[in-house]
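The structure's right below; bear with me while I get my questions together.
By written order: A, B, C and D. Residues from 1 in each chain.
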Amino acid sequence: MTYDIVVDGKTHQLELTRGEKTWLCKVDGQEIEVDAALTARDVMSVLIGGKAYEIKRERSLQGELHMVIGSARYAVDVQDPRSLRTRRAVGGSEAGPQKVKAPMPGKIVRILVSERDEVKAGQGIIVMEAMKMQNEMKSPKDGRVQKILTAEGSVVNAGDTLAIIE
Amino acid sequence: MTYDIVVDGKTHQLELTRGEKTWLCKVDGQEIEVDAALTARDVMSVLIGGKAYEIKRERSLQGELHMVIGSARYAVDVQDPRSLRTRRAVGGSEAGPQKVKAPMPGKIVRILVSERDEVKAGQGIIVMEAMKMQNEMKSPKDGRVQKILTAEGSVVNAGDTLAIIE
Amino acid sequence: MFKRVLIANRGEIAVRIIRACREMGIESVAVFSDVDRKALHVRKADYAYHIGPATASESYLNVDKILDVARRSQAEAIHPGYGFLSENARFAQACADHGFKFIGPSPESMEMMGSKTRARQNMKRAGVPFVPGSERGLDIDAAERLAEQIGYPIMLKAAAGGGGKGMRLVQSPGELHSAYENARSEAQRSFGDNEVYLEKYIINPRHVEMQIFGDEHGNIVYLGERECSVQRRHQKVMEESPSPVVDEGMRRRMGEIAVRVAKAANYHNAGTIEFLVDEQRNFYFLEMNTRLQVEHPVTELVTGLDLVHLQMRVAAGEKLPFKQENIRLRGHAIECRVYAEDPDNNFFPSPGQITRLISPSGPGIRRDSGMYEGWNVPIEYDPLLAKLVGYGEDRDQAIDRLLRALYEYFVGGIKTNISLFRRILKDPDFRAGNLDTGFLDRLLAKPSNETDPRRPIVAAIGAAIFASMEPKATLPGANGATARNGNAAPRPTSNWRRTARAEAMRER
Amino acid sequence: MFKRVLIANRGEIAVRIIRACREMGIESVAVFSDVDRKALHVRKADYAYHIGPATASESYLNVDKILDVARRSQAEAIHPGYGFLSENARFAQACADHGFKFIGPSPESMEMMGSKTRARQNMKRAGVPFVPGSERGLDIDAAERLAEQIGYPIMLKAAAGGGGKGMRLVQSPGELHSAYENARSEAQRSFGDNEVYLEKYIINPRHVEMQIFGDEHGNIVYLGERECSVQRRHQKVMEESPSPVVDEGMRRRMGEIAVRVAKAANYHNAGTIEFLVDEQRNFYFLEMNTRLQVEHPVTELVTGLDLVHLQMRVAAGEKLPFKQENIRLRGHAIECRVYAEDPDNNFFPSPGQITRLISPSGPGIRRDSGMYEGWNVPIEYDPLLAKLVGYGEDRDQAIDRLLRALYEYFVGGIKTNISLFRRILKDPDFRAGNLDTGFLDRLLAKPSNETDPRRPIVAAIGAAIFASMEPKATLPGANGATARNGNAAPRPTSNWRRTARAEAMRER
């Protein structure tokens, strides 16, 4: 099987072949023999040339995939090379409308702008509260408030779009 | 829903009705209001009139069901009253052939009898080893060894039939 | 001893008190709000009662509801934990009025210590050293005159304050007016009381506090100090005992003054006297906390005592079972407060479901936790999930054991500040004991660079093998695409979008 | 200090040593057999090497394979843990011959202490008190004469023995001949050495042992005693420190004798001198264990020291960092050995998959564990899963904390002896400290009756709600029958069959 795997923004080409007891991995052209064993849910023990790694997989509610090794944490994206171009294109660019999303579940305590307002990049748009802390969600760019999709007092989930800046 | 529930050998009749926030349980005719919440897998928090119980469910490989409350452990059998009679009948009786089963996974180290041998109740049939301990499996009754279903050196699972005494 | 005790709290401290109850043969009564039905303290208690909606003022802060449960459950005493109603003298009084023993000091002691200016006046009389400043709330003119007299920088503080609210640092005369107004209005908003006082600002102070304990028969002892200088936004993050800066002589002087403070307040049960320590190791009384502290475990490990057991015994009328000279400090303990917050993203709160939890144990590790795998951390309460405490023969061993335990600790699904503690514990200044309350902010301003060049490759290999192990990937026709889908989460985010969001956050 | 250490062991002790390595900045090398690929020590180590099939003689006991891994992994030292090769002098010698530091005593010390009769001769010369008996293996005629002289009952023991193998109690002259033959042949089978010696049998003895520690510069200290009288079939089940029967004077006498024993053996690193204590509190040298003991944590909690750290430091040539007068014992610690065995069914071993694991933590609780949820306990090794240790200001508090922690402990899928510890800790004789090596057998002979009349109903309610929550039960057409199926396990067993089996087992 072949994967393109993005680790902390850097793409690695990976070819994986299952051997009798181990896996053969070709990583960016280099061959590595890997003894991998799933020990508990989302916890894999990996031995590479005697070196032992415990790799924990974590998928967040927002769909992010992380690999945690010891105390280091890596943002990982597993991609099929053929569909990569399409996916990249979907992302949109700075030029188009951008969403202000809730980075955490919480309660909307104040909305600082109105629809059609002109805003600067970094300007406060919405104030959220969670766990007794208030945090300001800011505009990602200079532009205009196209839409506000929440109301004061609402409870929102992480990843919910709160406003769109065009 | 109606259940016959056998707890440590004693049968209780249970009628369960789901209320808005709590369950209504009729246990052996007595009505009890129960606030139940599944907290983690197989761990239920139950409140009955303010008293709090944490109930852990455990199903063994051999199919036994236990409820653990604090440090007390109860063998439980959940039965549908209509099929109860049938199931009871399946069990067999002392008169017929009886199985000597492995109570744990382990290795057969010695077989002490041969097929067709006459045996007494309590007589050693097979010696198993697990975790550096040897244990003798004994005949459940006076009778004759009908069949031996394992061999010295074999590794067996818990519940495997090792021999049949007729 | 009490037969049944109600715990008017939640989270790790409720669990900790429930455990003490069970150890002492006392039945525990938990209370819970709507969102806490599945909280760990409800799972562990002998009794549990619902007390209302998530909003604290309608549940954990609601005196009537708590007293009602105490009545219904036939509790004899109430332990308030920390936070919530723990320093509310009216609650302590209401408990007494309704025939429940409040496990803590008398309402009078709490009242006296509750107002910082009143505490100050009482303590001055007892000969306790203070940071130069005003003894009571003052108007802007008086503030101006006093600031001139003791010299800038000065600090404005809310008389009813705490947790950094209503505090303003003033570097020069020109800043005084607007700072005064801001402090006043913030004090009004936060505490309903706009009284503001003024103090000399100590440069690079340490925050050191002394644990005291008194019984109801007039005996008061001190149980050693705690260094609490590792703070972010005036909130403690790590605490240790003993303090790297306190030697035996200073401990005795500080302890004796702390006992004097407690005696002046006619204090009983657990209490803490907070001091500021300047660079010359002079110390100044700051305030008294009239409750059990979050960080009490470090004192427990170093003294070998159980402060919650002691609280119960003293509240039940027993005498302290030891004298000052019997207290034997041994070893060193350090506590990490594990918060649901994202250290890589401006310490944003991170409530949500804990999908995976791997907890450390072993030699020298104590863990007081309110979380479990599968639990949903609610958005309504403070983000303290657990306390991880390392104990060692000396400070170095305590640090090394904590680093080992943090290496084992894994909380999946939400973000926590576990990685922050590794940074702190490896910092040369921390290891040398060079601490002051500005230490953590300075550390956070520096770039973090923990890297192992080989590990990202290992992460990639791990991700690929995980992906290939997914059930979907083994179906006929499976290829890279299916593997990706198998591995992707409910709402896939492209790498670009993730980066964009991270940048947007960094700007704030 | 060493850069890299190989741990020639498995299970909880391998994990405990790996943790110490990480704390000290030493890289750890684990070894594993076929069935241990997923064991916790492999997960936690920095390096891990496969060394062969499950059978210990072809893996953990195979000296060549372990030395080969030490070479390949470039380890500098080898820690043997306990059991396996830990008391094998030839292994210690082979380590030295191949340039690896053996973390333990010298092969010469081990050799001298390995043969009980030789140890006895050496110790006698050092003035160590002994149970009256023979000083070496004897033939049946000599045994007969000596038994007559010191008086029955007497005990026959294998010179190379341990763990109860090759031991026979002889109550009267008539039993001597057959007991002698049995002991001899069991000794031959178990140790390949049929030498048997004889001792006076002490009625109701306590088993008390003294921890000693020596460096390679001639310094030896004692670190307090452990009471190990709670045994089943000569195997320790619980240990505590201090012993309820040892006071300060007795501790000093016993400690000084233990140090004398160690000096006579030119001993360094961790070691334990075992004593029998009779009803008059006389104590007699039993044997020396030339390794770290399973029960070392109770000593660590009471002394505040880390014995594995010390082992590493001493093996690296450092001097002991303290003197005898610096050792300060404080509080009380009790250890429970959690075994995979069924206390309700003749203590049958219970290997298999751990389907659910809820572990205790909190104040005064230390847990050293080799298991995790989802792990399969293999059938090939000893059944020790974890050690739960309670520490308290005094013995009562240690007991109460352990009871609390055991209440929280839940191991699902396999059977463990957790319930046994509750029985022991609640027993009036145990609580009073009235212990001897027959205590546990007497307790087990008594019927157990822990009941709460209301709980079975709660169990029934719980089972019904669990059943009704099963996904199948909520499908259209679901009724009692589906609910039962949903709740039933892969191989349903009727109640009758279960009872029949339980009875069959009880007969054994």
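As a working rule, a residue touches a chain if its C-beta (ideal position, glycine included) is under 8 Å from a C-beta of that chain, and two chains touch if they have at least 3 such contacts.
Bear in mind that the values here come from a model prediction, so they are computed numbers and not experimental data.
> Would you identify the chain whose Cα-based centre sits farthest away from the centre of chain D?
So the chain farthest away from chain D turns out to be A.
> Does B-C or B-D have more contacting C-beta pairs?
B-D
> Could you please state the distance in Å, as a whole number, between where the Cα atoms of chain C are centred and where those of chain D are centred?
Whole-Å distance between the two chain centres: 39.
> Between chain B and chain C, what is the separation of their C-alpha centroids in Å?
Computed value for the inter-centroid distance: 48 Å.
> How far is the middle of chain B from the middle of chain D, if each middle is the mean of its Cα atoms, in Å?
That pair's centroid distance is 31 Å.
> Name the residues of chain D that each touch 2 or more other chains.
If we look for residues of chain D contacting two or more partner chains, we find 44, 407.
> Find every residue in chain A that makes contact with two or more other chains and list them.
41, 43
> So, with touch as defined above, which chain pairs make the list?
The complete list of chain pairs in contact reads A-C, A-D, B-C, B-D, C-D.
> Write out the stretch or stretches of chain C touching chain B in their complex.
On the chain C side, the touching residues are 29-30, 37-38, 42-49, 72-73, 372-375.
> Under the touch definition given earlier, write down the residues of chain B that touch chain C in their complex.
Residues of chain B touching chain C: 37, 39-41, 43, 45, 47, 50-52, 54.
> For the complex, give me every residue of chain D touching chain B.
By the definition above, chain D touches chain B via 340-341, 345-346, 348-353, 355-356, 358, 379-383, 406-407, 410, 412-413, 418-419, 422, 450-452, 455-469, 473, 479-481, 483-484, 487-501, 504-505, 507-508.
> For the complex, give me every residue of chain A touching chain C.
Within the complex, chain A contacts chain C at residues 1-3, 5-10, 12, 14, 16, 18, 23, 25, 27, 32, 34, 36, 38, 41-44, 46, 48, 53, 55-65, 67-83, 87-88, 90-92, 98, 101, 103-107, 121-122, 130-133, 135-136, 138, 140, 155, 158-159.
> Of all residues in chain D, which touch chain C in the complex?
Touch list, chain D to chain C: 15-16, 19-20, 22-25, 44, 297, 300, 304-306, 308-309, 328, 330-331, 359, 361-369, 392-393, 397, 400-401, 403-404, 407-408.
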